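After this come two complexes, each holding chain A, first together with chain B and then together with chain C.
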Partner chain A sequence: MVKQVNRRTVLAGAGAAATSLATGASSVRAADPVKVGVLFPLTGNAAAAGQASKAAVEIAAEIVNDAHPELVGIPLAKDAGIPGLGGAKLELVFIDHQGNPSVAQQQALRLINQDKVNVLLGAYQSSCTLTATPVAERNGIPFVVGDSAAGNITQRGFKWLFRVTPIASDFAAAYMTFFADMNKAGHKVASVAVVNENTDYGTSVGDAVEAAAKKAGLTVSNRIPYSASTTDVSAQVLQLKDKNPDVVIFISYTADAILYMKTMKNLDYMPAMVLGDDSGFSDPSFIPAIQDIAQGVMNRSAWDIGKPGSTTSKINDMYKGKTGRDLDDTSGRNMQAMLTLADALNRAGSVDPAKIQAALIATDLKPEQLMMGYRGVKFDETGQNILASTYLIQLKGKDYKVVWPDANATEKLVWPMKGWKA
Partner chain B sequence: MKGTIALCLAFLAYPFVFSNAFYLDIGVALLLAAISASAWNIVGGYAGQVSVGHCMFFGVGAYLPLLVYQHWQLPPIVGVPVGIAISLVLAVLVGLPTFRLSGHYFSMATIAVAELIRLVVSTWDFAGAAIGLQGPAVGRGWYDLTFRGELPYYFIFLGVLVIVLAVTWQVQRTRFGYYLRAIKAGERAARSLGVPVRRTKLYALMLSAAFTSVAGSLYAIKTGFIDPDSGFGILVSVQMVIIAALGGAGTLYGPLVGALILIPLQTATNTWFGGGGTGLTYILYGGIIVIIARFEPGGLHEMWQRIAPKLWKRHAA
Partner chain C sequence: MLLLQVIVGGLLLGAIYALFSSGLTLIWGMMNFINFAHGEFVMLGMYVALLVVVWLGGGPATFGFAAAVALFVLGVLVYGSLIRHVTRGPMLAQILSTFGLALLLRYTAFWIFSANIVSLPQTSLGGTLNILGILVPVAQLVAGITAAVLTVAMHLFLTGTTIGSKLLAVAEDRNAAMLMGIRPDRMQALAWGLAAASAGIAGALMAISYPWSPSVGETFGLMAFVVVTFGGFGSVPGAMYAGLIIGLIQALSAFYFGPIYKDIVVYGLFVALLWFRPQGLLGKA
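Let's turn to the complex of A and B:
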């Protein structure tokens, strides 16, 4: 086979040669650990989520570093360490960016210049991811984003950024596919209402859902932004009651989600379905507060504990042993990001940043290799995982059960929801 | 004078002694904190009008460069003079009614106005609403001031700090400065002696607002991102007050001294203890502030003035 030689291939060859020369001295010996800098908000408003994610990433490192043959399917679980790097272990360097974008930027600099990390992972809040990733980009260090969902993170033409998590537009697309399935099954979904808290999370997801609904030909009967610290939502619920959409989609934090459910009961308003967008609906305190009045409420999650004895159930046991809680969706997405990174490190066979970058670009994980309910992990040229997806879950009794898509469903969907009439 | 020269030399030498990007970045953060605290110091320190809403000027200064970039693809620096102009107007609008209040009431009014602006900005789509605004991730040219390294920022920030301190020094030794100190000592007494109190306070606020706005612009251009909390959040104001009070409010070098202590302390505690996620950072940080407030309420500047003569005496003996 004759390969056409042009300027680009020559340059690429020269570049590769130069890199291998330059890194000859620094390439790791057999068991030198791979340093991963992890940026999370360990204090401040989002401390709870940051701490939970920290524990999840630590479990991911444990899965890679120790032999866990019982975790069938998970890459690198079987043997101790990373085989492609001569059994090297992952060494995590955690930093606390406090949810402050400028601290995130400064600490990313520190991880690269002081701690000499080989790769970065983080950073929960989209604002912090937006300021920390350019540092990695300028220094040529791969940055794996576990859970920040803002669309523009991958729209800046960065070459060193890889985002494993689904983003707002993915969730919105999943909801629309679900509604189409419902219409096929004879459950009418012609109009939806979008109720969102008014900070960056609610606004960005709300915008994506509204746009997707309009594109799918659905009527958006109401778009109601509100402040999550509010103590009265009667006016908002009455607006919903007035327009009576088929489905109400809530993008809410915890206290406000509970308040909405209670107010809807008080004002005797129940749509055919309430669909929560993770966050407040996934908070451990949500179910006990509303289980008697909101039976059948739906939520999204890419994480499902699964049946006892399954790989996901075993991972959940490890997490529960460490923290005393079940693994949640957000932390699970960070754990999946860490495992994805470990798989790439193994294939890179070197800690040379360019080799890790190339391995990340070549990532192609299948659903059975994942702990999360994505359709796989494969990055497009912007670094976004194009196979990221989510399950939809429904509250039955005291637990959420996976009800959609059908292939992953553990229980049958109940439509319409029963609410307080269960 | 000798001290000033030594300080200048130390700041000029710092980037060459600590050339590592992380240390340089701490230097940049320190300079920025010193600039904003020194700007606050003009009205909060010299005139004794404790504004806890200075983030409104910081936020305006921070938003404008990124707004002109976002909407018209202009270099962010174009937004700096616009930010100053808006901050000046804002200072007049806020200053005229609130300067009728004194003491705690003035502080509370400034907090209220700043919070109001934060809420409006976080729902205003043109300003990026709750999601915030981004600067150029990779500079299109030198005029975008998006540098790969920290060194250019260090010297730009240092230059601005020198200007702010030079203006403050000039204020201090003119009639205007004496008016400010007279107002701080007793507003009624000052008025009875013929000091044009309202006008003087307003000019001080405008001068302070303009510099605070520049500090905000520098922050946004360097960080490349701004959202309502990092621009208009109350912690932005509180940091200016704490730094100035720590070093010595109403003195020329007070805010700089405060920044010299607080910023490395903040970074060091976060670097050493932050990864543990125990919140030890805040405990240490808060503890030191409490100790200083308890034993040295006048700030380190006052402590130095008390200790220094004793030291010289010992040397002499």
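Let's turn to the complex of A and C:
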């Protein structure tokens, strides 16, 4: 008996039989691929990050589409294609929104209406994610958000939006848990300073951290918003020196992060610990500029290459083979989003949008099934992953090493930081 | 003590402002010409310093000198190939020519050096002096002293030497100067060379303490205009005083009110000064 095959309902196992019997219908294959529309800034200011993320989701698709039994734990890596969809492959349709929210909106519509994608993924800048997701919502197409961190993305009551990445409040919560652990270990953290650049990113993360610190009973000794294009931060460093908090948390871009580290050295100010919130502290130019004067600064990252031979290390090798660089946190979060989506597609057993939505809602990935350092993937009613979390890393020599939480640490935390006295 | 530290920091910052602004005021004083590419000259001075350190090695004296020479040549070339021609055109062409030059230099730098942030490796000037409890970063101190010396030297050069007098004569009345046997083109090429060289030295000195990317010229260019307007267009000592005052106000307001208010205070005072004294502190009315 031959079952009718159409684009929307491909029944497992029947595809191959249909192909062999269908004469002259070259468009019917073993299983039609699942089309995923991917929105990233491939040109413009954030082009470097967009291109790196594009390479990362391509690797994710490769992991799903080809057999990779060596990637232990990663769902769908073992066999080629998506078993739940008769071995269907992922077909990525990339769109460049240039970091422009209105282009992101138009292109999301184009992906749905013209390219007939089954599901969307993106879109790096929070501002672009904010405009592209309502299009998916209106058309009833699932949208998986890989790395946009603005809080309000999941605060609009959307039913078709799923965000895998941790957001500002998750980072703030992780920092507070870390401080509590430090106090238990005898490293006093009673007061913190929050220094943030004053655009959306710095302000929202700064607010979240300040609120969490107050809730955790810590004294916020300084809250210093500043402009990232500043050429002098001596006054800010003197303010910190005056109040002398135990930990200074920086939410900064690159040039300003470097300038702060240099100025702190110049003015002979070193708190017990400096904790950077990704961004500037993760920029490739940060470490070479400050490695002699800021040994032991901490930073966050949900990505860790891990030991040679580990699944994450193998994934990094694949990425490095394609791009020549190690995988970074941002691209890794997008890769994790694509793998999460593939897992849901497998369980949906259909490319019907409602079935994919239901499968995404039912997502329950365990830490050992992830390549990123989340505690799992499980969405609440707003579509936010409630198990999203992050590692904390510390600069040792020329590299960051994972030092917290203990279970994932590859090296021991050094407290207080050594700075230029290393 | 903390107050003293803030004041010293502000004055050192101001000295650097004065240094990179003096070139801008020189060109205005010489030619009544506004150079929008001045910030880009500073930026190129920073990259020259980086290239010298990476390729040849050497300390601040080496790369400072290299930046001055390279930018002097660039200044003369810019005058010969662009400015000399557009000064014959309408005012708008003059203004837009250096604006176009600024964009050309900035995007060429993006192309060659990429948008990544770079910084100089630690140099011999990387340390900090402790003077009676006041911490003074050596790089900033040297930059400040250089700025003061260069500013004074430029002032003496303009007012006390024959070439300086010729430069001023051309600035005063080009035709009359020609009748006196002065070749204005040579003088003005020299002015452009000196102005660019001072921007180059400023860039090289600032590269010691600041990380930068090709877009840094925008920030410095704007600050130079504020300093020069504040001090009075065409006045070299005016730029010096204005730089110091602005640096000091910025440091004090950033410390007492918070860094996001420092520019409000500075530009508020700036507008107020222009209200009462449109020609600036030492400018001629």
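Throughout what follows, the second predicted complex is superposed on the first by the 392 of 422 C-alpha atoms of A that agree within 3 Å, B and C clash if a C-alpha of one lies under 4 Å from a C-alpha of the other, contacts with A are read in each partner's own complex, and residues count from 1 in each chain.
Going forward, a contact is a pair of C-beta atoms (placed from the backbone, for glycine too) under 8 Å apart; a residue touches a chain by one contact, two chains touch by 3 or more.
The shown structure was predicted, so the numbers you read here are calculated from the model rather than taken from an experiment.
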item	value
Superposition on chain A - do chain B and chain C clash or fit	fit
Touching partner for A:D283 - first (chain B), second (chain C), both, neither	second
Superposed model, chain A: greater residue contact from chain B or chain C	B
Contacts of A:T254 with chain B and chain C, given as first, second, both or neither	second
Touched partner set for A:D242, first chain B, second chain C, both or neither	second
First (chain B), second (chain C), both or neither touched by A:K262	second
Touched partner set for A:N198, first chain B, second chain C, both or neither	both
Which superposed partner A:P101 touches (first chain B, second chain C, both, neither)	first
Chain B versus chain C as contact partner of A:T410, first or second or both or neither	neither
Touching partner for A:P225 - first (chain B), second (chain C), both, neither	both
Nearest-approach distance, in Å, of chain C Cα atoms to those of chain B in the combined model	6
Overlap of the chain B and chain C footprints on chain A, listed as residue numbers	198, 225
Residue numbers on chain B that touch chain A, as the complex places them	20-22, 25-26, 29, 122-123, 129-132, 134, 137-138, 148, 150, 219, 223-225, 227, 230, 267, 270-271, 274-277, 279, 281-282
List of chain A residues in touch with chain C within their complex	198, 224-227, 229-236, 238-239, 241-242, 254-255, 258-259, 262, 265-268, 283-285, 289, 292-293
Chain A-touching residues of chain C, taken from the complex the two chains share	2, 5-6, 9, 13, 116-119, 122, 128, 130, 135, 137, 140, 209-213, 219-220, 223, 250-251, 254-255, 258-260, 262-263
Chain B contact footprint on chain A (complex, rising order)	40, 42-43, 47, 50-51, 54, 93-96, 98, 100-103, 105-107, 109-110, 112-114, 126-127, 130-131, 134, 137-138, 150, 152, 156-158, 198-200, 202-204, 225
